[in-house]
């Protein structure tokens, strides 16, 4: 039986695990990320890998997932703001230290890959995985393979512009999809509502402890589950923008299924039903085509680690 | 030497040609399309194929390109408004009549394929071909192959929504990209300008014979070449929208090159320079990534026929 | 009994009439406008005034209404594009020729004044008259008097911007109200619909003789009266924009009534009902304030002449 | 010499003063507002009036300014959310207690009146006063008199819609002018920028103590004065929207001057210059008309009290 190690390198913690061919995690370790020092981060990654390797002698390769732009040779992280990495040759640094082949991948891609292979996407050849968290992450599966683009930076669809001259985005542009469809967008909607119409946002403010700045995506989800009309209105807005963006992606990619993951996906049908409604209403050629299936993701926060491990296997 | 026949089935004419492995047309025929009668259209297609087949005994297969949605098995046209086709089993109908294997493909895809293999896309593995004509046609090449999507209807990116509640589109939605970036969009801009500010549109009106309704994309292109400021303003708008949509596609696909074809591409650098400027300014992650090359298409109106023939070869 | 003469100076014709204190026209004359020559236009105006004056010896003053910006002293037309007038001292020119006191007023204001005093506005002290024609004309009545603004150019509310970066306007800006709410806007909507969705615009195209360029506001009104869904959709859009602009004017002016005139007002309730619905839904403070009444204008195309005559009376 | 008492009834305090014919305050008093109990509020108002009346025997009338909709007879406050007033007959309640004639007026109107009569508007007959604070307050002066509208609720121009489907407003609508041009709008812009691009908002975050929620209009003004580019960018946006709304108001009202007051006006030319630039660029008919003067308000926070006193005089 062949094993690989997957490492999820985040801005605050490094999580590593030994993963088998069925995507099961045999053992897992965690360390804080010394995020302002690239050399120390490489050291911490190598350390956890070596600890795991010692206990699992069948480990044959290492997959690293990191939040950033990864080059097309899957060796260097071009830019990772949360890790202070710029043109970081992380593959070579870790290989030198651990003596195993290493592949590097964008962390949204590794999570998407795990979902495609072991989660809600099993058996589909053409998938789009959309992760609604702080922003929009995700990945694209074409003919059963992870799609990377020509230069390794595909599937950044959270930065399609959906509103000309719209909300500011951290990428420096305005109107990006993730500013309208994400956990942050949900909180943004609810804070706006509570700021200007506090009487309508009574329940949201209660759950947030009284101040509109403290309203989070979780608070809105909780209130929506109770049936609070203001929270449901915010959910409706985020769901409509999600469905609209899926219609836009369908015009280009015509996938077999969309998998919706991330923190927001915990809301289940509360999110899924209005997404499906907008998606099918807005897709071009509606009525003359087979529509992609829309499903909630099945894997939890370990998906990134599992996907990284599996991508190191080939 | 292996030959194939390509047929471009348009709303007004059927064009067929014998094509060799280098994409050269050895002989070509044309017939008017009896577009309101599907059975007669199948008959006309079969007739021109048989005429060509008689004279070229090495012909091994037939490729049909048609403006419409083609199913994933490349056999049936699901919907082709200009041909009055609905669930038309055109592959089977033509095969029965001509005794050769037939493949069916969307006509924008066949033209894109020819451009990718024999034109401006030669040698690139990841391409987006954008054809700016009446609307936006085009195709996507991934790993050197034509991308069709799960159900055969990919690369309809002219129907991404770029303006919420924007201009009406023939697809029934509003705000589709092709309403802002196409030959029709260029004429639309210029007519609007001439209607409300005739004094500024003097040259455009002259070239159009005096009435704003008669302003076409060609008229605007001619005036722009002379340096007419109103025409250049309209070009600028269409070029910016083209570049913006390319930035959106890049977020998803990260291609190695964009090829700009269609009637508008005859304007050359007049169009290409402002497209490139907006594209590089609007693409997410600008400065941290390698940008796709942007080029003008090399093949002319026979690209659809050549691509259809070539796609029938495998 | 005191009489005055009113003259409506349009781009194609000069219409003059003798008007009594009840707003009744005793006699009327018409001449073509020699519109490219200011001196000849002054001559024609004076000629018709003198003809009328000879037959009605009780005439005490002359009121001129012209499509253009009139200065605050009501003497000079600052700018009238259709008459080739620029800083035209028309009051002095006509007074010299006819030997009667002359006042000059914007023609939308004169028509509004007639409607306020003799038409649907009788008895109201605070009125906004909105004339939906080629663009939006109209006038404002405050405390029973015509409102002119500090420099004579008030009540040009058709040029409030309602859509940032919206449709071009003849005034050189974009997004002006009259581009969304007027007879031209109605035709614009219907042509757009017919251009991209001809199958839905069948009846509109029939009535227009087959081409989308020939669709006019009258054609749409006729089709709407027959119940044609496409025409009604266009009416709905224009009515909503009209109601929205009225809500905006109400935020500033809080009038007692709106009077809707112009060619479009011939549609009656077909127009009035959706206007009222949007107006009351969109007005700020809805539910806590008394809403302005909304009525169709009562006077026809002679309103401009009658108002000009009456304004000359004081 | 005739004296009157002005009372500014705010959500947190009641400020009253004895004012002479030149708008000078002879004596001033303050009390907290018992804002949840209308009866107690009437009591507190009456109490401060009686205290002042005892010491100034020439006082002849009382003017009350309150944040809310006031009926056209200037007697009843129809709706004042911060005071828990609904159809409150405050004139009668206070008159009964103090034995002096009382007039009631909207507090933005009273402040505007003071500015028009004693401040930056002295000598102008047609004015628009725009107060950029939490929202947009202000007033309109026509022919030297305060404009109230037919039902007493004019000059609420902060609720003109400037962006269809735009930012939520406390009035229940979306896209109101005050959501883009006010102290709150300035803070909103800056928080958005700091939230998504913290590296660009470094100075703003420093001045706010580190968290983006703590950025206020004052913080942005301070940073802008130091020349901080991010703060200046936010100022630019608010100034452009202010100038645009002034262009819209000019289309309707054609005033002789705009007076810009409120907290934001403390920024002086930093605000005034970009406002003037946008205003003159966006006004319809630019180049053919005399433009309104634009000035910073001269009176401070006592303007409301002074204006209320003066309006009670006639």
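In order of appearance the chains are A, B, C and D, and numbering begins at 1 in each one.
Note that a residue touches a chain if its C-beta (ideal position, glycine included) is under 8 Å from a C-beta of that chain, and two chains touch if they have at least 3 such contacts.
Only a predicted model underlies this, so the values are computations on that prediction, with no experimental measurement involved.
Note on connectivity: the fewest steps through touching chains from subunit A to subunit D is 1. Averaging Cα atoms per chain gives one point for each, and the point farthest from that of subunit D is the centre of B. Fitting subunit B to subunit D on Cα positions gives a rotation angle of 180°, stated in steps of 5. The pair with more inter-chain C-beta contacts, choosing from B-C and C-D, is C-D. We define each chain's centre as the mean of its Cα atoms; on that basis subunit B and subunit D are separated by 57 Å. Between subunit C and subunit D, the centres computed from C-alpha atoms are 34 Å apart. For the pair subunit B and subunit C, the distance between C-alpha centroids works out to 47 Å. Shown for subunit A are the residues that touch two or more other chains, namely 164, 172.
Subunit B meets subunit C in the complex at residues 167-170, 172, 179, 192-193, 196-197, 213.
Subunit C makes touch with subunit D in their complex at residues 69, 78-79, 124-126, 140, 142, 147-164, 171-173, 176, 244, 247-249, 251-256, 282, 284-286, 288-290, 292.
Across the interface of their complex, subunit D is touched by residues 164-165 of subunit B.
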